[in-house]
Amino acid sequence: MNIFGKKKKIVLPVIQGDGQDVKVRCNSCGRLIDYDTLKENYKICPYCGYHFRMSATERISVLADKGTFDELGEPIQSVDVLNFTDTVPYKKRLADLKDTVGLPNAILAGSGKIGGIQCAIGVFAFEFLNGTLGSATGEKLAELIRFAGKNSLPLVVVFSSAGERVQEGIFSLMQVAKTVSALNAYKEKEGSLFISVLTNPVLGGVASIAMAGDVIIAESGSYVGVSGPRISEYVMKRSLPKEAQKVENLMKRGFVDIITDRKGLKDTIIRILKFQNKWGKL
Amino acid sequence: MNIFGKKKKIVLPVIQGDGQDVKVRCNSCGRLIDYDTLKENYKICPYCGYHFRMSATERISVLADKGTFDELGEPIQSVDVLNFTDTVPYKKRLADLKDTVGLPNAILAGSGKIGGIQCAIGVFAFEFLNGTLGSATGEKLAELIRFAGKNSLPLVVVFSSAGERVQEGIFSLMQVAKTVSALNAYKEKEGSLFISVLTNPVLGGVASIAMAGDVIIAESGSYVGVSGPRISEYVMKRSLPKEAQKVENLMKRGFVDIITDRKGLKDTIIRILKFQNKWGKL
Amino acid sequence: MKLLPFEKPLEILYKELERRKRNGEDTLHLEELIEKQMEEIYKKLTPFDTVLVARHPDRPQPQDYINALLTDFTEFHGDRVSEDDPALIAGFGFFKGMPVFAMGTRKGHNIHERLKYHSGMLSPSGFRKAARLVETVSHSFKVPIISFVDTPGAMVSPQSEMSGQVEAIYKSLSALLNANVPVISVITGEGGGLGAIGISTGDRILMLTYSYFAVVSPEAGSAILFKNTEAKSRVASQLHLTARELLSLNVIDGIIEEPLGGAQRFKNAVIKSVGDALQSELETLLKEPVTELKKRRLEKYESMGVFTK
Amino acid sequence: MKLLPFEKPLEILYKELERRKRNGEDTLHLEELIEKQMEEIYKKLTPFDTVLVARHPDRPQPQDYINALLTDFTEFHGDRVSEDDPALIAGFGFFKGMPVFAMGTRKGHNIHERLKYHSGMLSPSGFRKAARLVETVSHSFKVPIISFVDTPGAMVSPQSEMSGQVEAIYKSLSALLNANVPVISVITGEGGGLGAIGISTGDRILMLTYSYFAVVSPEAGSAILFKNTEAKSRVASQLHLTARELLSLNVIDGIIEEPLGGAQRFKNAVIKSVGDALQSELETLLKEPVTELKKRRLEKYESMGVFTK
């Protein structure tokens, strides 16, 4: 389920300082942070530990070994197949995003090394329509999964998504089936390893895909579940306590293997990759 | 866990009437029942529905189509491998059982038809040391499972057991691993179908084996769980409420497919067998 | 029978019909009139009207199809880990003499049943029961799977979130895609989002004329896109959620026609049509080797979606 | 250090040793005496005495072996359906540089820990966590499994019964038998009944000198057979529950020797011995193709038991 209109929370609240200094205000503690400091600190507030959202390219830059990430295949573009208009025509949304975000869809997928180990890597771009699952995004994710299988690579996907993309209607929903089908084929292979990384938030069908992970790692403080607050409120006629979707609670209920803060994430993934014996062998 | 000393509950409380009439008193409602009536009524009290325990041969006679049951292989005898003596030497218990019960161990296993369909059939004999799992019993059950696999037959086992047999120590425990290993091999075969029937009671490792059923049917009012009341009391230092092991509650918790009274049992099994397509084919 | 908002013109006619019947007067002409009027109305249904028909409490629901179309139906219970979800009916029976596995959402025809069955919204234990039984059918029973779907969506509650709703949906969807037997699903009323796809994925998806299948309900879609539910009718149109639209988009495989007036008025006829459609699809599917069937099932789902390079 | 009943003769000597140490007096002779006395005592332990040593709270427990023998140990959590059982520690690490999966019962060295970890008794969620991870290791990670066992038995409570304890034990046992990787288990203290077999079944079962492995605890056995726990010592002897007896019965594959006095007194030495034993067993097991290994594992279990035709 995608939640528009919450742009303030997605885009960093940037405050232009004197001269070339750029400062941002922390969403959680309210203090001003030097933007360069923030970036060097994995976009974690140095005062209170709040995790600012990262763009897909930022994610890749801290996850993949420097200079090793290669994007996969041709770019796949989202299409306004249903001629959908909400407050803005979907066509226009897509055109705008091409200019502002510079991605053809809501996932960045390719091959790269993590701690020296070659992997198939996918990272959801929340900055592209809240990381929602359109046909192009689903196809790219499926392409990545097939690539991982064909090349006997571990599959690492960093999820952040508001769920299905309403503007693509049933085709968005079908991407869940498409990717699960691709995952089934991948998982049938001996030695396949799907490391699923949950960041804030992962919702709807994308959360279902993420739960297919052989290993599930969550960034601390993330929320994962069927639907975001607005839609839950509509369906339940009362609000869903946020606690129910907090990964710390989901870990107690058995659904998450490891929780780590963002700084520890890459090391955790490297360790897990190194725990694996060579593909298909013992 | 076997519970001796409870013979009164196992053996029918038989009251000799005038002449050749034999009457028994119902354990539940206390009324006198004509023994022939009781037998014809699946050993269910005609007044209150109480299910009297059935012997293995009685079970076979109501489960397998008339004249179709063939015992499997050579008889396998229990052995006093640990030179065990509780209130009575185990050797003596075994010798006595041979005379009184007429079975070499606590299971009756063979092939037979149920509703015209050839099956591998096993029935635990509670009258043999409370259906406990000695080496001979475990070996016979494993033999039955292998036989079912080799001959591509559905496997139907009626469980009633107080669990492991303490007098055979670790060998009793190992029978759980043995039979689960045999079941794993059976279950690997496409089209294999293990119908597990829970009767009162099924405890300990035998319950674990029973829970491997592809389909789990329970006779109403049965109790299934880790251990009987005495041992639970010892381990927990307080009594375990019987409700926790009642199959009606276990069904609510998702562990039982179907509950039926004894009269409906054979028909239920026949229906399930007929729901199966020909072995390995579609 | 509860009249839907767009059926209002029928109200006065129905009342007159009742009066005439009470008085033993001739009703033939009036009945014809009603039929004509109804046809006029149903020919012009908007997508949102269709959603309302799909939700009509008197429509046959999955349990009704199962009870009517299968003999010796035997319900199987439980997810083998936590619960038996009453919102999912599942079990075996004989369909035209052939053993099949059937499952479906129980929705309930009255408020009491709706509460008991959560209006057909499955809990994690429901999806896990589906996954478990689909695997057992696929491995042990080797019979076709028929899934009847009528659900507004998956259950959303603190309890369902904490019990792993998203994980359970994955399990069920994955099991259906992996099944080594033919899988046919029929959307008989509502086909809401993840709750629907979690139990409807298969070789054939059939829809009744007045059912819908959508990524979200029109109301939820409106809430997401407009922050209120007032645009529900407009969203319903844009979602392309009707059987006819979805067939033309190649998302579903067939439509089972309901008479103008809807299944709520023609229960037996519609149940029979569903039976006939199932029989015909099954005959086709059973001709093929299962490996071929499964290969094409996966190809179908892996090719879903519209995008450009 | 808590002295066990049969260690009573040492009490006075320990006190004297403490006094001399306080006063800076020579203790060499006394220490030799203590050692001799201890050896005398430990050479004559009854099976029930061994059970008491196995339960000594200061013995190294699975989590201690894992922490000491593995580098970069990373704990994995959860059964993916209901809970993360803290009584089962499970995860990956490097053993002598080689990646392995290790799991073990957390028992606790003090009352606070014991309450938290249920004294090492696994709940259904513990066995399900084991089953899930063993399957993942077997399919995805392809590394050896090392299981450290120290449990009085499986959890018995209304909650554990209602959550399917017997089913969960089956799942875990079945997963270990099916594992396509080498599986070694080490019983470091108590090896109680189903709780132990559910997580110890593998290619090699090793036991420490002062551990036990039995179908039931001596107390429970006595309760079953004599309706009270007074015959526990006699039952302990009859159960053949010591490492030496079980090795001679061919039920286990090796003994890791503890010094006379027990692991509670020689922690580091015993941990080192366990490491050495594991290394040597792993070297042997890794030489064989996994298919061969698994075949022999199953043969081993399928041939267990004593009976006559």
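Every chain is named by a letter (A, B, C and D) in the order it is written, and numbering of its residues begins at 1.
Assume contacts are C-beta pairs under 8 Å (C-beta built on N, C-alpha and C of every residue); 3 or more make two chains touch, one makes a residue touch a chain.
Computed from a predicted structure; not experimentally measured.
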Selected pair, greater C-beta contact count between B-C and B-D:
B-D
Can you name the chain that lies farthest from chain A, using the mean of each chain's Cα atoms as its centre?
B
On a C-alpha centroid basis, what's the spacing between chain B and chain D, in Å?
32
Between chain B and chain C, what's the gap in Å when you average each chain's C-alpha atoms?
42
What's the distance between the Cα centroids of chain A and chain B, rounded to whole Å?
53
Residue numbers in chain A touching 2 or more other chains?
253-255
Which chain C residues sit where two or more other chains touch them?
80-82, 128, 163-164, 167
Identify every two-chain combination in which the chains touch.
A-C, A-D, B-C, B-D, C-D
Listed in rising order, the residues of chain D that touch chain A in the complex are 72, 74-84, 92-94, 99, 101, 125, 128-129, 136, 139-144, 180-182, 286, 290
Interfacial residue positions of chain C with respect to chain D in the complex:
80-82, 128, 163-164, 167
Write out the stretch or stretches of chain C touching chain A in their complex.
153-154, 156-167, 169-170, 173-174, 177-178, 193-194, 197-198, 201, 213-216, 219-221, 223-227, 229, 231, 235, 238-241, 246, 249, 251, 298, 301-302, 304-309
Chain A residues touching chain C - in the complex, by the definition given at the top:
1-5, 74-79, 81-87, 105, 134-136, 138-139, 142, 164-178, 180-185, 204-205, 207-212, 224-227, 230-236, 240-241, 243-245, 249-250, 253-255
Could you please specify the touching residues of chain A with respect to chain D in the complex?
187, 190-194, 214-215, 251-258, 268, 271-272, 274-278, 280-282
